[in-house]
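One chain, subunit A, appears in both complexes that follow, with subunit B as partner in the first and subunit C in the second.
Right after this comes the complex of A and B.
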């Protein structure tokens, strides 16, 4: 009977203790997996989201797009950037808040993205949304809306919406604008609880009564060459603006907001692993102490020191292995729940995920649990390896 | 004397205790030969079990020399002493120390698998041993399903698994009633008659009376030896 089979029989012998250990490791392992997914999840998800958008560079007036002032002389700036040899296309994005009136019920507040493309190469310019039904908005009287608005306001393609835009300040009293819905679209950068609509910059200007000035919140650029070179060329052309590649944006976010999640993840990973080590150490130590007589008898019968140590290590490995396997589905379920909760935070794009499954996270999870099995078994292994056979047999008889 | 298995020369065992050293065994010299049947008797605490543990190489003398098959045990590494116990010495204990999660057959199998016996050889040997101790019908029973006498018989089968030269028994009837103790004594007699040297530590005079040599101990010393 090898050490693993022997350890399995030892576990089965005390099902309550074994179950407690396995469930404890499963719970801890699930948390550990989630912390590992969280540590890189936002970065991976944001990188994926940025790369899927089709735009390589973001030009803005602040260090991070959307966190500062607007780009002034936006039209001319977009034209200058689009004229650079390494640029395929540039898209000017202006954002305003809009209240969409409903026949029954209070207005729906939405984010209205108005865009205007520039390209010297006749490149097709994709907007920062994806049309899922109907067609894209083209003229000043057309918009696309997301499914949430369509559902809440009972709108269909061909419907007309009445909205009041809020383009410059909070205290504007603009006349309502009437726009035609020509499509239903997904807005990947819209927040989970944020309704969004999009159209041309002319449509936004129409909604704002022309009260938008020549300003943009953001310029999106598609590069014809390596994005870093293009970003450098843009910075040289418009030195007062920030030109960030997708990698730069992810890097900045890592240094700012995302770093908190990473730190939290590191702390919680350490705590969960420590807890697992303590749990298994206590369970194994209790188990070994209950069996000292049997272990001493096995040693007297000729079982080597390394064999009884291997039995303990195998028992630890089995508890951690079974718990670790169970922790995977538990961790995935827990991550899905936590992701939903965290995505409820304001300003988080609906398509951004905090927990992203990665092979490296899984490998680290397995590695940490394996280390847990070994570290947790160290003390009980020491007990059995240094067990005085004769004294233990004598004590067992006296006891 | 037949071929000497164990040769103890002036062995002593002293335990360091907070109140001062305790001399459990003092200056004992004895030889156990092949096929010997030896009983060790004496009052509680006189050092019988300690002597047995030294003879079985689970404890080392504080002074003196213990030779097993002519080899100085104190010079052997822990793993070599383990291998010696596994293949040359069998132990049976007052409290049996069977593993409760294993069946009778699996308990007997343990020393065989530890010694690296092939599966087929193991199965044959288990059957042979359980037949020998009269427990074949109980092969698949766990210790909790066996009586005390049956557990001790399984323990004897386990101790004999690797065909040891020397079988050491520490109060083998201590937990059994008189009738069951007598059955175990008969079984041990048969083991000895079949060629295994037997050393029994016991308070049970009827068990000791079956031995060819009775060693009387007092205060850690070998007081006298009775030969029959």
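Right after this comes the complex of A and C.
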């Protein structure tokens, strides 16, 4: 009988403790997997989201788009950028807060994105939303809204909405504007708890009563060549603005906003692995100590030292291996729950995920659990390898 | 000082004090900015709203301050300048805007009696259309991210407790099994099962209490280390871990009953057997 089968029989003989050991490893393993997914998940997800948007470069007045002032002389700036040879198209984005009035109930607060495109090559310009029903908004009197607004305000395509916009400060007292809903759209960068609507820059200006000036929160640029070269060309053309490629944005976010999750993931990974090593060591040590007589008898019957050591290692591997296998579905379920909790943060895009499955994370998970199985078995392996056969058997008989 | 947004990302260049025609206005700068640029109290600097230094004005550093820790800006080095509002407006005023027509975002008002905040806000809202007054307590909405993080940490803590409980049960089953013969002898010499169970329970409480106390001491010792590491890592005075009385009581309140229950649960099956079976006769 090989060491693995022998270890299996040892575990089956004590089903309660073996089951609890495996379940404990499964719970710890699930947490470990989630922490590994968390360490890079947000970055991977953000990169994916930025690349899916179809825009290669973001031009803004501050280091991180959306955190700081606005781009002044936005129309002229957009035209200058669009005229660069390496630029396919540029989209000027202005954001305002809007309260959509409802016939019954309190107003719905939404983020209103007004866009205006520039292209010198007749390239198609895509807005930062995807129309799922109806058509895209054109002109000053039309908007598209997200499904949450449509359902909360009982709006359909063709309905008219009345909104009050806050375009410059936090709160303004502008007169209400009436706009027609022509489509229902997905806004990938809208936050989980955030309702969004979009339209042309003219529509936003109409809602703001013209109180927006020639300023933009952001300029989105599609590059005809390598994005880094285009970003450099934009920086040369408009040196007072920041031009960041998708990779730059992810890099900046990694250095600032996402650091906390990487740190917490590192701390919890360390704690989780240490916890697992400690507990499996104790489980195996107590188990081995209870079977010292039995192990000494096996040695006396001819089992070699390396064979009994292999038995202990196999037992550890079985507990950790079975627990590790169980930890995968448990980890996925737990990740979904934790992701839901974290996405409650204000300003986090609904399509951004904190826990993203990656093969490297799975490989690291397997590697760390394998190391746990070996390290946890070291001390009990030492006990059985240095076990004095005759003295142990004598103690067993006298005891 | 300043009523508006105080944090400015301005180009800073040290100017020669020798060229000073008159004493420039005073400003305060954050410790991080002073360290990064090698600035000290008394230095004369030029501030402008763009990197090209358009319309730069000279200021004298009157002091260096430690920024109020802001969890929302964790990871961002606070390069901050504080100046008097008229100076700020002079620097940031766009050409063509006459002085005195600028707008400010917020006015912070200190009331003689803070309890009047709600009534005062209502009064301002009624008398000044276009201005929104809110008690500062309502700004608690900005703490949203931290409430979410609190829920996240709670979820992690629950998973950790579940894993610990499972391991604890496995360990107590093994430990109780190890004492099978002792329990059997106690039963054979006449001690009722309830008496043995009580003994096991008290033992469980003592062990769990000692474990909880050890855990708290470990947490208190690591509290300083964790805070020191993250304060160094993020260059902030924020407190990341704080073991409060409530946290300590909650931990003990979970650990001790859990440990004692696990011991009793593991012993229960053993105590239902007869003394002879326990001593294997």
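Things to note:
Keep in mind that, in the parts below, the second predicted complex is superposed on the first by the 398 of 399 C-alpha atoms of A that agree within 3 Å, B and C clash if a C-alpha of one lies under 4 Å from a C-alpha of the other, contacts with A are read in each partner's own complex, and residues count from 1 in each chain.
Note that a contact is a pair of C-beta atoms (placed from the backbone, for glycine too) under 8 Å apart; a residue touches a chain by one contact, two chains touch by 3 or more.
Because the structure is a prediction, the values reported are computed rather than measured.
Subunit A is touched at more residues by one of its partners, and among subunit B and subunit C that partner is C. Of the two partner chains placed by the overlay, only subunit C lies in contact with A:287; subunit B stays clear of it. Of the two partner chains placed around the shared chain by superposition, subunit B is the only one that A:393 touches, whereas subunit C remains out of contact. By the touch criterion defined above, A:182 reaches neither subunit B nor subunit C.
After overlaying the two complexes on the shared chain, residue contacts for A:95 are found with neither subunit B nor subunit C.
Once chain A of one complex is fitted onto chain A of the other, the partner contacts of A:297 are limited to subunit B, with no touch recorded for subunit C. Once the two complexes are overlaid on chain A, none of the subunit A residues touched by subunit B in the first is touched by subunit C in the second. In the complex of the two chains, the subunit A residues touching subunit C come out as 16-17, 20-21, 23-24, 27-28, 30-31, 62-63, 68, 72, 168-173, 239-240, 255-257, 259-260, 263, 267-268, 275, 279, 282-283, 286-287, 290, 334, 337-338, 341-342, 344-346. Interface residues of subunit A facing subunit B in the complex, by the touch rule stated above, are 1-2, 9-10, 12-13, 293-294, 296-307, 389-390, 393-394, 396-397. Residues of subunit B that touch subunit A in their complex: 49-50, 53, 56, 58-59, 78-79, 82-87, 89-91, 93-95, 97, 99-102, 106, 109-111, 113-115, 158-159, 162, 170-171. Residues of subunit C that touch subunit A in their complex: 9, 50-52, 74-76, 94, 103, 105-106, 129-130, 132, 144-145, 148-149, 151-152, 155-156, 159-160, 162-164, 166-167, 169-171, 173-175, 177-178, 226, 230, 233-234.
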